[in-house]
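Got some structures for you, see below.
Two complexes are shown next, each including chain A; its partner changes from chain B in the first to chain C in the second.
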Partner chain A sequence: MTTATFILIHLAPGDPIGGGLDDPRVPAAVRAHWRAVYGLDQPLTTQFVRYIASAARGQFGYSFAYNEPVSTILARALPRSLALAGTALVLSFVAGVAMALIQVARHGTATDRILGITSLAVYSLPEFWLGQVALLTFAYVLPIFPAGGMVDPVMHPYMGPVAALWDRIDHLILPALTLATLSAAGIARFQRAALLDVAADDYLRTARAKGVPERQVLMRHALRNAALPVITLFGLALPGFLGGTVFIEKVFSWPGIGSLAVDAVTARDYPVVIACAVLGSMLVAGGSFVADVLYAVADPRLRRATGPVRPR
Partner chain B sequence: MLATALWSVACRSGDQSNASAGSGGKSPGGTVVISVSADAEPLIPPYANQQQTRLIVEQLFDRLADLGDSVNTIGDRGFVPHLAERWDWSHDSLAITFHLDPRARWHDGVPVRSKDVLYTYRVYSDTAAGIDATTQLSQIDSVTTPDSLTATFWFKHRYPEQFFDATYQMLICPEHLLGKIKVADLRTAPFGRNPVGDGRFRFSAWSPGASVTIVADTANYKGRAELDRVVMAVSPTPAGAIAKIYSGDADFLEVVHPEDIPEIRKHPSLTILPYLDPSYGFLWFNLRLPKHGGPHPIFASRPLRRALFMALDRTSMVRNVFDTFAVVPHGPFADADQVADTTVASLPYDTAAAGRTLDSLGWRRGPDGIRQRNGKPLAFTILVTTSSKPRSGMSLLAQDQLARIGVRVSLEPVEIRTLATRLMTGDFDATVWVWKPDPSMSDLKQTWTIPAERFGTNWGSYENRAFDGQVDSALATRDIAQMHAHFHQAYTIINADAPAVWLYQPHQMAVAHRRINTGYLRPDSWWVHLPDWYIPENERIPRDRIGLAAAQQ
Partner chain C sequence: MNAPTVAPPPGTSPVRAMRGSGDVAMLGWTLDAGPWPAIWRRFRRDRGAMAGLVVIAAIVVVTIGAPLIAPYPPNAVLDMVALKNQAPSLAHPFGTDPASRDVLSRVLFGGRVSLAIAVLAMLTATTVGTMYGAISGFVGGPLDTVMMRITDACLSIPRILLLLTICALWGHPSLGSLVLILGLTSWFGVSRLVRAEILGVRTREWVTAARALGATDSRLLFQHLLPNIASPIIVATTLGIGQVVLLEAGLSFLGVGVQPPFASWGNIMQDGADQVRALWWLSVFPGLAIVLAVIAINAVGDGLREAADPRR
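Presenting the complex of A and B:
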C-alpha cells in the first residue's frame, strides 16, 4: 500500500513547492531551496528508499504543508475522526437494523415498501450534497444545530465541564447523523435481505409453532442467524466511515483525517497522503479482524477448531 | 466606467464601512468571529505568505511604518508610524534613519530595540532562509544600529520605493526569542505555534484545523485594540462559511459570492461591505511553444493576438459571469491600483475587423468553419482551473465567441496546483488567470517585462523592450507626473501588443454582522484596521461580553 500510494501521488501532476495557491509568484530560487530542504531534489528511488526506511521505524516523515511531523498531525486528527465515525457507526447500525426488522415484520405491506423506497433513495444520495442540505436546513432554516466546527470557538474555553461536554455533543450530532443516515439506508437493505433469507427456515417455523411471540422470533432467532453479512459490513464499515468523513468533515468544518487527506492531496503533501493511505489500509485490516472475531461470537459453529461449517 | 466610478465613490465614501453600527457608546470590548477558508501556517512573519496567515501575523507583529489608506508606495507620503515614531532621510537620500518608539514592548514585556530591526533584516535578506521577500530587499545595502532606538537603512541607489521596501516588506521579529535559532530552522521553530509579537493584538490560542484566537494587548504602546478578541474560525467550504454567517456563528466573511447576495439582504442583522480589489483576470497567451521554447505557432503573431482580443465581447462576458459585480479592466491593472490609468486606449470589440485580420494572415475558413493555414487548423487549448467558477465561465464564453470567427478552442480542466506548475514551466497555450498585485508599482515589472521571464512571473514570455523601457523609467523617476506618463506609454504598448485579453476586475464584497463597525477595508489588506473595529456597547451579544479577564486566566 505504501509503495502504491508513493507511486500514485508522485505520478500526479503538480508541485508540493509550487508556492501558495493564491500567489505562485514565489521565486524559483526559493522553490529550489525548499525542494532541497525536503529532499525533493533527490531521484525518486532515493526518496522512496528513505521513506520506506522511515516508515519501517514507524515514522511517516515531515509534512511540507504543516511543518510538523506527520505522526503529530495524525495523532491530532485521528481521535476527532474516530469520534465522528464511531458515533455515526453506532447510530447507523442501530437505525439500519431497526429499520430492517420493521420491514421484515411488516413484510409485503405498505410500510415495508415505503421504507424500502426511502432507504434506496437515501442510499443513492451523494454525501457532499446531503451534507450541505443538512447544514443549511438544520443550522440556518431551522437553527437547531451549530453550523459546523467541533466546538464553539469562542465560548467553549469558558464553559464548565457539563456545558463543554454538551457543546461537543451539540456540534457532533448533525455531522454524525448525516453520515449515519446514508449508511443506515444501506445497512437496512443488507439486513432486510439477510432476514428474509432465513425467514422460511425450519427453526423459525418451530419457534412460531411453539408459540414464541413474533417479536422474539425476529430478535432472538432470526436476527442472530442473519447477522453474518451485516457483521462483514460492520468490519469494513469503520474504514469506510473514515472514507465517508472526507466529505462530511469538509462540509461541517470538522478537522479530522478526512479533511487532512483532502488538503494533503491538494497541496501534494506527499508524506501526509501516504500516511493517510497507510492508516486507511491498517483500519481495513483491523476491521476484518474485528469482523472475524464477531463471526465467532455470533456463530458458535465457527468457534470449533476443526471440521467444516455445515452450509445452511 | 460609470459603474466603476460609482463603486469607487461608494467604497471611498465609507459605505463599505458598517456605518449603521455605532449608535451606542464606543468602549473596548466585543468578540468578532471571522470565517476563513483554511487554517493558518506557522505564525512566523517571514514565512507568512497565505492570506489566512497574513491576516493573523499582521495583527501580532508591527512594521516600522505602514502604508496609509492611500496605499501610496512612493517616498514616505501617507505612511503611518508604527514601531518607528519618526524617521529622517539622509541628504543624498541613500539612507533612512528610523527612530523607534521607546514605549514599544514585545508581548512578553521585553522592549523592542534596534537589534530586533537588524535581526529581522538579516533574516529576511538571508538566502538560506528561503523567504519570498528576499528579492524585494536586494536594493538595501545594509542596516546599522547607531543606538538601541535607532536603525539606519542604507540603499545601493536612489529609487521611489526605498521607504516602501524598508518598511512594508518586513514585520519586525523578536531577536531575543528567535536569534539563537538557525535561520534554516526558523520555519519549523515552536515559536510559530505560540508567537510573541508587539502588535495591538497578542496570540491567545490555536486549535489546529479549527480556529486561532487573538486578544487585545491591553498595554500596547499604540493603545489597546477596541475589540477584546478576534477568532479566525476555519470553514473549508463556501456553503459552510455562509451557513456560519447566517446562523450567527461567525460575524465576518471576506468574500461573498454574487449568488448569496439576495439571501444576505433578507437578514436585517447582516450588512454587505463592498471594497476595492486590486486583482484583475485575463486570458493569457503563451508566446512560446510549450516545452520547446520556440515561437508559438499562433500566439507569436502580434496581429493574430490582436484579432483574438477584438473577437471577444468582454463586456457581455463580464455581465454573463459576474452580473454587475465586475467590470472590464483597461489594461494589466485594476482601477484600485495606484498606477491605474483609465484613459489608456484599448482594442475595440470588432469581430469584422478580427475576421479581416485573420483572412489577411492567411487563416481561411475550412469546410468545418474552422480557419486553416497550410492545412493546419487555427486551434489552441485553454487550461481551466476546476476550482474557480468565474475562470471556468470566462473560458467557456471565450471558447464560444472565438468559435464564431473560426477559431477552435479546447478546454482542458486541471486542478489549481497542476495549473500553477504548468504555468511556471511554460507548458500551456493559454489560460484564464488572475493576478492580485501587491501595492508596489514594480508589480508590472515582475509580471510583464523581459527580466520577469527568468526572475518573475512572465510565464507567457511577452517581450517588448520599448515596454520594458517605459516601465523602468516609471519606476526610476521621483516625479509623479512623469511616472504616470511613462506608465501610460507602457500600458499603450502592451494593450496594442495584446499578450493577453484583459477580461475582468471583480468587485469584492464582504459580509459582516451589523453590530460591527469595520471602518475602511483597504484594498491590499482589508484587515489592516482590525484593531480599530468596534462594537457599540448597546449592541453586544453574549460572546462580546466575555471580557479579557477570562482570556488571561
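Presenting the complex of A and C:
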C-alpha cells in the first residue's frame, strides 16, 4: 500500500516544491537548495529507501506545508477524527439495528414501508450535501448548534473545565448525528434483510410455539442469530464510513484526518497525503481484525475450530 | 427457466415459430427468451421501482434536452455586477452563482456530465470486474486465491482517500480520465460478486453437458456461464451507477473531480461551498438533483434485485 502510493505520486506530473517556488522569478539556485533540504535531488531509489525507513519508524517523512514531521501532524489529527467517527459509529449501529427491529416486528405494515423508503432515501444522500443542509438548518436557520469547528474560536481558552468540555460536546453533536444518520440507513437495510432471512427458521417457530412472547422472540432468538451479518457489515462498512468522515469533517471544519487529507491534496503536500491513505487503510485493517474477533465471540461454532473457518 | 442446455446455433430462429410446440424439446434446447419476461412482469408490479424508472427517464430526457430547456447557456456570465449571487427568483428559479451564471441551466447541463460519467465509469468497472471475476472463478486454484487477495487488498483501501490521491496527482483530470479513474477503482466489488456466482453455477449439470458436447472453455464462459449470471451483474451495475454519481459529486465538491468549464452537480456545489449560509441555493438545488437521481437509480436496482431473485 505504502509502496503503491509512493510510486503513484512520483509518476504524477507536478513537483512538491512547485506550490511556492513555481514562480519563475525564484532563482534556480534557491529551488535547488530547497530540493536538497528535502532530499528531492536524490535518485528516486534513495528517496524510496529513506521513505520506507521513516515510515517503519512511524514518522512518514516531513510535511512540506506544515514544516513538521508528518507523524506529529497525524498524532494531532487522529484523536479528533476518532472522537467524531467513534461517536457516530456507536450511534449509527444502535439506531440502525433498532430501526431494523421495528421494521421486522411490523413486517409488511405501513410502518415497515415508510421506514424502508426513509432508509433508502437517506442511503442515497451525498454525505457532504446532508452535512451542508444540516448546517444550514440547525446552525443558521435555527441556531441550535454551533456552525462547524471543534471549539468556540474566541471563548474556548477562557472557559472553565466543565464549560470547555461542554463546548467540545456541543460542537460534536451535529457532525456526529449527521454521520450517524447516513450510516444508520445502510445498517438498517442490511440488518432488516438479515433478520428476515432468519425469520422463517424453525427455532423461531419453536420458540413461538412454546409461548415465548413475540418481543422476546425477536430480541433474544432472532437478533442473536442475525448478529453475524451485522458484524460482517461492521468490517465491510468501515472504508465507506471513513469516506463519509472525510466529507463531514470538511463541511463542518472538523480538524481531523479527513480535513487534513483534503487540504494536503490541494497543497500537493504528498507525505501527508500518503500518510493519510496509509493510516486510513490501517484503520480499516484494524476494524476487520476487531470484526473477526467479534465473530468468534458471537458464534461458538467458530471458537472450537483451530484454523480460520468461514461459514459457507 | 434455467437457460439453454445447449445454445441454439447463431442466426437460426426456428425458435420463435415453434414456441410451445411439442417438437421443441426434441431439438435439444429450451426455447424461451430466458428469465427476462418473468423478471419484467415482477418488476412492473413493484410500484417503487417503476416510479424510479419514470424519474430516471424524466431526468434523462430533461438533461439530453438541456439546450432546448435551459434558459441560458451553462457558462454564460450574465452580468458580473448586477446579476451575481442572486437568490432564486422568477427570472432565475435556482438563483445565480458568484460568476453570475444561471444555476438552473448549470444544473441541467451538469446532469449530462454527472450521469454520463457515472454510466460510462460503471460500464468500465463492470467489464473489468466481470472479466476478472469470471477468470478467477472459472480457473480456480492458486490463481483464484492470488486474484481474490488482490481484490481484498484493494477493497480495504478507503475508496475516497484513494480517489482523492489519484485525482489530485493527475492534476486536472479531463472527463475521459475521470471516467477511467472512477471505473478502474469501482470494479473490485463486481469481480467478487461475479466470482461467487461463477462458482455457484460452474458445477451444474448443463455445464457438464455442454462440456461433454465439446464446448471450449471460452464458449462455455461466454455462451453458458456469463448469460446465466447476467441478472446479478446487472443489479450490481445499476446500484453501482448510483454510487458513482455520489463519488463523482463528492470529488467535484472537493475540487478534484470535474473541472471547469464543465459544470457537474458536484462542482456547482463547490462554487458555493465556502458561503453555504449566504448562497444556500448553490447547495440545495444541485444536491436535490443528485438525491433524486440516486434514489431513483437505487429504487430501480432494488426492484430489479427483488424481481430477479429466484427465491422470491
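Just so it is clear, the second predicted complex is superposed on the first by the 286 of 312 C-alpha atoms of A that agree within 3 Å, B and C clash if a C-alpha of one lies under 4 Å from a C-alpha of the other, contacts with A are read in each partner's own complex, and residues count from 1 in each chain.
The criterion applied here is as follows: a contact is a pair of C-beta atoms (placed from the backbone, for glycine too) under 8 Å apart; a residue touches a chain by one contact, two chains touch by 3 or more.
Remember, predicted model here, so these are calculated numbers, not experimental data.
Of the two partner chains placed by superposition, only chain C is touched by A:Gly280; chain B is not. By the document's definition of touching, both partners, chain B and chain C, reach A:Thr266. Once the two complexes are overlaid on the shared chain, A:Arg106 sits clear of chain B and of chain C alike.
Shared-chain residue A:Ala77: touches chain B; no touch with chain C. With both structures placed on the common chain, the touch criterion links A:Trp129 to chain C but leaves chain B unconnected.
Shared-chain residue A:Arg168: touches no atom of chain B or chain C. Shared-chain residue A:Pro143: touches chain B; no touch with chain C. In the superposed pair of complexes, A:Arg208 makes contact with neither chain B nor chain C.
For the contact definition in use here, the residues of chain A common to its chain B contact set and its chain C contact set are 12-14, 132, 135-136, 140, 147, 250, 266, 268. Within the complex formed with chain A, the chain C residues making contact are 48, 153, 155-162, 164-171, 242, 246, 249-250, 253-256, 269, 273, 276-277, 280, 283-284, 287, 290-291, 294-295, 297-299, 302.
Of all the residues in chain A, the ones that touch chain C in their complex are 1, 5, 8-9, 11-14, 117, 120-121, 123-129, 132-133, 135-136, 140, 147, 238-240, 242-243, 246-247, 250, 261-262, 265-266, 268, 273-274, 276-277, 280-281, 284-285, 288. Within the complex, the chain B residues that touch chain A are 31, 33, 38-39, 41-42, 49-51, 127-128, 130-132, 134-135, 184, 187-188, 192, 205, 207-211, 213, 229, 231, 233-237, 239-240, 243-244, 246-247, 249-250, 414-418, 420-424, 436, 446, 455-457, 542-543, 546, 550. Of all residues in chain A, only 12-15, 18-30, 33-34, 37, 65, 67-68, 73, 76-77, 132, 135-136, 139-140, 143, 146-155, 157-158, 250-253, 255, 259-260, 263, 266-268 touch chain B in the complex they form.
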